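The two complexes that follow have subunit A in common; it is paired with subunit B in the first and with subunit C in the second.
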Partner chain A sequence: MAVEVASLPQRRSWLARPNALWAFVLGILGFCFIVWVLGQDGGLLNMTFGLEINQVMFLGYAVAVFLFFVGLGVFNRPVKWLLGLPISEEELLDEYGAGGGVGRYFRYTLDHKVVGIQYLVAVIIFFTFGGFLAMLIRTELLTPNVRLTDPETYLTLVTEHSVTMLIMASSIIIGPFGNYFIPLFIGAKRMAFPRVEALSFWLFLLALVIMPTAFFFGGSQTGWTGYAPLADQMHAGQDAYVTTWALAGSAATLAALNIIATIFLMRAPGMTWSRFNLSTWSILVGSILAWLAMPIMVAVQLMVGFDRSFLTGNFIPVQGGSAFFYENVFWTFGHPEVYILAIPGMGIVLDILPVFTRRPVYAYRAAVVGLCGIGLLSWFVWQHHLFMSGLTPGLRPFFMFSTEMISFPTGLIFLAALGTLFGGRITFPSAMLFALAFFPDFLLGGFSGIFVSDVPTDVQLHGSYWVQAHFHFILMGATLFAFFAAVYYWFPKMMGKRLNETLGKIHFWLMWIGFNGTFITLAIVGIMGMSRRYATYFPYLQGVNVTATMFAYLLGISMVPFLLNLIYTWGWGEKAVENPYHSRSLEWMTPTPVPLENFAEIPLIVAGPYEYQPNARPEAILEPSQAAGGTVAGT
Partner chain B sequence: MRHAIRIGIIWVIVSILLIIGIAFVPIPAPASSEEGEGIHQTIYMLFYVGAPVFAFVWVTLIYGLVTFHARGPEPGAYVPLPETNTLLFLWAGITFVIVLFMAGWGTFTLHEITNPPAVAAQGQGTSTRSHPGTTSNSHKGGLHTGSVYTNGHPLNVQVIGQQWLWTFRYPSYGGFESKDLVLPVGGTVRFHITSLDVVHSFWIYQYDVKEDAVPGVENTAWMRARETGASTSSGKNWVNCNELCGLWHGYMVAKMDITTPVKFRAWANHMEASERASGLLKNLPPYAPVYFPQSNANFPPAPQDQSP
Partner chain C sequence: MDDTSTPVQDAVAHATAYIPRTLDNRLSVLSVRMLYISGSFFFASFYFGLVYLQIINANNMWLPHGVDHPPTWIGVSEMALVLIAGTAYFVGQWFGLYRQKLQTLTLGLWIAAILTVIAVIIHIIELHKPGFTLQGGGYVSLFITIEGVFTFVLAVTALMLIGVAIRATKGLFSGGAGAGVEAFGEWFGWISAIALFNFLALYVQPFFPIA
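The block that comes next holds the complex of A and B.
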């Protein structure tokens, strides 16, 4: 079905159509009306219905989300279906953004490529926001006393930074690249559930937009963990935290469900499991983890919400609840969550390495087993967060062993990466530099992780800056570097333009030095005895803290060349050639920009994506019906 | 093979350099308490085991990048690493052995530091707990009676966390309460840690003690200090809170003082006497493994009207 863009009739002006502007206007108005007009002390909700502040807050968020989706036009199609109104093919094409233009990025567009770009832009915006908060945190820590902020603001900054970053990073690979590229990787014309895919993005955006509203309601001082008896005490700002996680968890679950269904059901003929590229494998494993783990977080945050608004007392010991209950359920989600972030990054970098070494990925099967093994093991390690909590002390050796066992599948990933380099013909564009940096950073993450997985050493290091440095090595050193590798690598495919290499390399070296400087220093701060989430510290720690802050500023500055690069390339960059890296992978075989239905015909996959040898046949036959003697049945 | 030998040589050199460098890591050493000994040993063990692994990955990575950097126009000059199962098994096997060694060492050390040597027979862990309503084991070990730690008994100290201060209760001295933690040097001390409101974490960095204070739960930990020392303004010997507990989390510190047993006993007797004299001791709730501030059970009875 070829789509003639010109044949689509010019529709109503953008103002008259449901879009993000109306969604935000309706959502914000609805929220303000509920919370500040009806919900004020002595207002209708308060006096007549007897609602208290937390109940008003949750009602406000619920109404805001509903009105947001009304403004976005999410309900238009179901309502038409309910009323039995006809839907023309033009309307359907329009829902997929077939008309082109910038407007489709601000509407409830069903095309997976549009959703991928929406995710990419949102991720970069919220990464910048979260990074800015981190700069404020580091600035506060320049002095041992509270200077810039007060303890309340400081802890709110910590919570905002961590929640924004974690939710953003849970989708940082799966969101932009999973949505954009999974159909291209496996030879599909679209995602399995386009509406679910679009809904997942807007839920994700809403979650990240709702989190900063906590600033208006006293903030949230619980950190990203939101440990329960404390969360029960917090200001109304904590309701933003609860709502954010409920929405973000739903978004990640839906996105994961869609990706899993797409990979299982929509593969092109000949795309066998061992012909997947490693990105597909890793996004699949990450999605399965998200699909299973995120509902746990939604549930546990709803229980906190019930505690706060319906006085259920799930986690309040005086009312028969248990603080252990929250910690346990939270980390049952929390540990797989770490791998929701990390695993997709591993696949991405293993996918980029062979392109720039011009040889097949080494030990492909071992790498796949490694990815799946990490995913499986991640369910059996959660209590290592609770070694010092007093919960089931007899099980600590088991959790120590299972945690350290994660280095076993991770070792296979390293084997694949190091093996790929040997005998290759390596070039170093920015994408490759970022992909390579993944491994030393992840190694530091694993290395520092061993110390906190070992119970005796965890006695000293638990809850200190060592832990903070450890998870930043994983989340930032691994996942963020993989993300930037992917941005530099796939930008020519997504935007048709190649990012500037010089700016890219400046970005890389600034970021790499800033990052390692910051977090190696912070690991030392931790081993010197500084606890996490302190706005103040003993003066003898000032020297190392100032060093860490200086490196953190460098890390912050490193984002400037990247953002400049994005803007410059977007506006004035030269058009990239098709397949600039001579990659064999299927996504580079489609034209750029990718047409609405990706492939003119469902391709026939005849080889793996990594066979970089002279005279290898291409991975796929793009138009099997045209190919001489091509039979769809055999491969 | 040529590559393997070169990598091997560089690897050995870098590993040795790293292991020498470990001496400069600012771990407070030597441990100033007995149970901290195993912790410090384990930290060094992990550094020593980790350094060669760390060096290996770095050396291989850098070596690969330098050696196989694309030079000249013609490709295909290099022979790729053969994909053998031997290497896979070797790699997996070595990883597995290292993991087993570290986990084994960790388990052994954990077992060692869980029980104080003198009172191992009582079967208390660093981290046993009891639910509210059940009798705590620690009640049976002569908690209310007995003279301090001298006859092989540990000194019991209850640590109560609340927003945002620490209270220390000495049940063997009539259950008096103190804002400062004063302990005798050389004696086994058993902490009974609980919380009144949210989760806190009791951390003495210099003496390697850390255990969460969880509301409605009694956790235990022990320590035996090797050297005396009081809190200093440069940050030595303080009790910290290690789990985010709200607004003044960073300020939830308590002073501590490790003194000689004689001075400790004098201090404790003085505190008990003065709190008894002021009537404070009488009005404190009776000693219990956990406290529920909002429930009336633990509160002293309401004051009665005095008959004239």
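The block that comes next holds the complex of A and C.
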């Protein structure tokens, strides 16, 4: 499609068109009307149709989601298509946000770069919210007795923190950077399915907005795993948990589907699989996991939803159900979920190392094998979460072995990183610091994991703070540091300005010390015998808990320089040039800001993304002549 | 093509000649394939439950005495309607679309759409009066869950099918523009497979127990 912004028709006032404001107004009104007017005791739904509270809750959420999408205008185009009505090119361009302006960030905009930035902002907001909940949890744990909350509220805080963080982190790389950069990495003018992509973002947003509504309905005390039949017996707040995961699972499936299809079919000529940068590989592997694992979570939560609202007994033993059924299906999703979070970050940091060492990535093929190997193995380890559940002990050696096998492909990732650093001319901007921190933290995560994958030690450590420290090293130490590396690294391309380096370094050191201080201490707390998910503990544990909380506060404070940095850069930041790091990778060969169609011509890819040796040719020819077309492709 | 070609070769030649393999057309088909592969993982989670709860048989409550499936005519007609609809769609696609006989296509799509709507209605009847109480054991729980979820999926499919039929009526699939019919046809093929599988898994297998 040709882009002639000047030819766009006079647009209607923003109030007269579908946007996020209308979506939220309609959604919230719809929900309140169903739950508090029609659905109250003695109300229409209750008296006439005999609906119980959980049925009313699910109906409320369903109506809210539907009206939200009506307000956002999601259905306009599909309905037109189904009725066979035409759509003009101007309308289409407008849907892509071709007119520019801030408003497109608050609409159902189809441009993948707008969606990427929507994801980025949403991820930062929900990370801040989840982090605030973590601070409340740590504050409660300053004393051995309950002071700030009560046990139920404490557990609700734990659930809210964990669900928010897990769903946020499932999209933390794939959402902002996958959507924004995959077309730029592979030389495409757009994503495969822009509508699916935009839908995935708004579903993701809705999921995380619905989760805190649990606070109004008695909360949810199950933790992020939502084990049934406990979940079947929970307050109405658990319905928010079920709805949140159903929406977030659908969102992640759709986002992944779009990214995979884009990588398969939208590549520029000459973009062979061995010329992908490692970010493309890792986002592809993470997306394949999300595409296949997330539907399982949607299914298992629907079963909980049926148990809660229609009184079926899928997970209730007296009704012929089984808790093991839940645990098995949940963890079949749950372990790949860990790698949906972690794998995309690995490619990101491996892509940043070469730029600041001025060397090609070492053992590229081994790194790709590593990424794929981790993704494949993640399907065969789920019962390591059930060693202590009483489920068939004879299966434990297999799952112990398969889990420990993951060290091998992970080792290849470390091999690639060390080889790239070895002998390089290393510089240390903030992006590089965050990328480097990924490795020791991920290593600690892996080491602490060996002890819980090993049955004899897991018997001791199961359910303790050791486990909690272990997965925070993976989820936060690895994924979140990779996220910040990516933010500092790609901010100039996304926003046209460079984040301040001084504030960036303050952010890094505060966060790194705060993070490691918190979770090394919590690992020790675990060895000392403290269990997860209790608001109280034995008085002898208070000293270490206070230490952990102080480090956690430092970790919380480390976000202040980052947020200040965003504000400062927004107002006074140094304008970025097209390729500030002299990277050899394709995404830096586009102008800043990136135009609507990314590239004026589909580029011709003639080399890999890591050509740092002297006199190497650039990755792509941006305006290929017709003659070059068929010959270079595929070499 | 020459006169010696078999009917199958003939049909395939028509098909490949008619729909151009543009990027957008390939994307449509790929999206549907990816969607039903993830959908298969989704339904597999429920089917796993059918096997698992049956083997565990907690408290002898998988299938207590006296619990039976809903009337056989309901299960058979649910499956048969979707399969016949799928056949009508298939005929419309292969003998209408690919041979540029748009009336055949339109007729096939409308038959498929109407049969699917009837199938949705029968599903609602089935869920409304299944003939057992919801606390009637593991089989009953999974029956209600699977049929409940499938009814929703089938209803959305029926809506889309009506849309595809409307577009066919308006002649929007003429002149090589039929990739949407092809892609949605693959989706409907998957739906037919799930309908068949649901019948076997819910109406037949539990009454010939494996354990």
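Simple rule for what comes next: the second predicted complex is superposed on the first by the 618 of 635 C-alpha atoms of A that agree within 3 Å, B and C clash if a C-alpha of one lies under 4 Å from a C-alpha of the other, contacts with A are read in each partner's own complex, and residues count from 1 in each chain.
Keep this in mind: a residue touches a chain if its C-beta (ideal position, glycine included) is under 8 Å from a C-beta of that chain, and two chains touch if they have at least 3 such contacts.
What you see is a predicted model; the values in this text were computed from it and never measured.
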Combined model on subunit A where subunit B meets subunit C, clash or fit: fit
First, second, both or neither for A:Phe324, with subunit B first and subunit C second: both
First, second, both or neither for A:Arg532, with subunit B first and subunit C second: first
Subunit B versus subunit C as contact partner of A:Ile260, first or second or both or neither: second
Which superposed partner A:Ala192 touches (first subunit B, second subunit C, both, neither): second
First, second, both or neither for A:Pro295, with subunit B first and subunit C second: second
Partner with the higher number of touched subunit A residues, subunit C or subunit B: B
Subunit B versus subunit C as contact partner of A:Gly218, first or second or both or neither: neither
Subunit B versus subunit C as contact partner of A:Gly496, first or second or both or neither: neither
Three-chain overlay, closest Cα atoms of subunit B and subunit C, distance in Å: 5
Common interface positions of subunit A, toward subunit B and toward subunit C: 317-318, 322, 324
Subunit C-facing residues of subunit A, complex: 81-84, 192-193, 196, 253, 257, 260-261, 264-266, 291-296, 298-300, 302-303, 306-307, 310-314, 317-322, 324-325, 328-329, 332
Sites on subunit B touched by subunit A in the complex: 3, 25-28, 38-39, 42-43, 46, 50, 53-54, 57-58, 60-61, 64-65, 68-70, 75-76, 78-81, 83, 87-88, 91-92, 95-96, 98-99, 102-103, 105-107, 109-110, 113-114, 125-129, 132, 193, 197-199, 201, 203, 205-206, 208-212, 214-217, 219, 234-235, 238, 240-251, 292-295
Touch list for subunit A against partner subunit B, complex: 151-152, 155, 221-223, 225, 227, 229-230, 233, 317-318, 322-324, 327, 357-360, 362-363, 366, 388-391, 393-394, 396-397, 400-401, 404-405, 407-408, 411-412, 414-415, 418-419, 421-428, 436, 439-440, 443, 447, 450-451, 454-457, 459-460, 462-464, 524, 527-529, 531-541, 614
Subunit C residues touching subunit A - in the complex, by the definition given at the top: 23, 26-27, 30-31, 34-35, 37-39, 41-46, 48-49, 52-53, 56-59, 61-64, 134-135, 137-142, 144-145, 148-149, 159-160, 162-164, 166-167, 169-170, 172
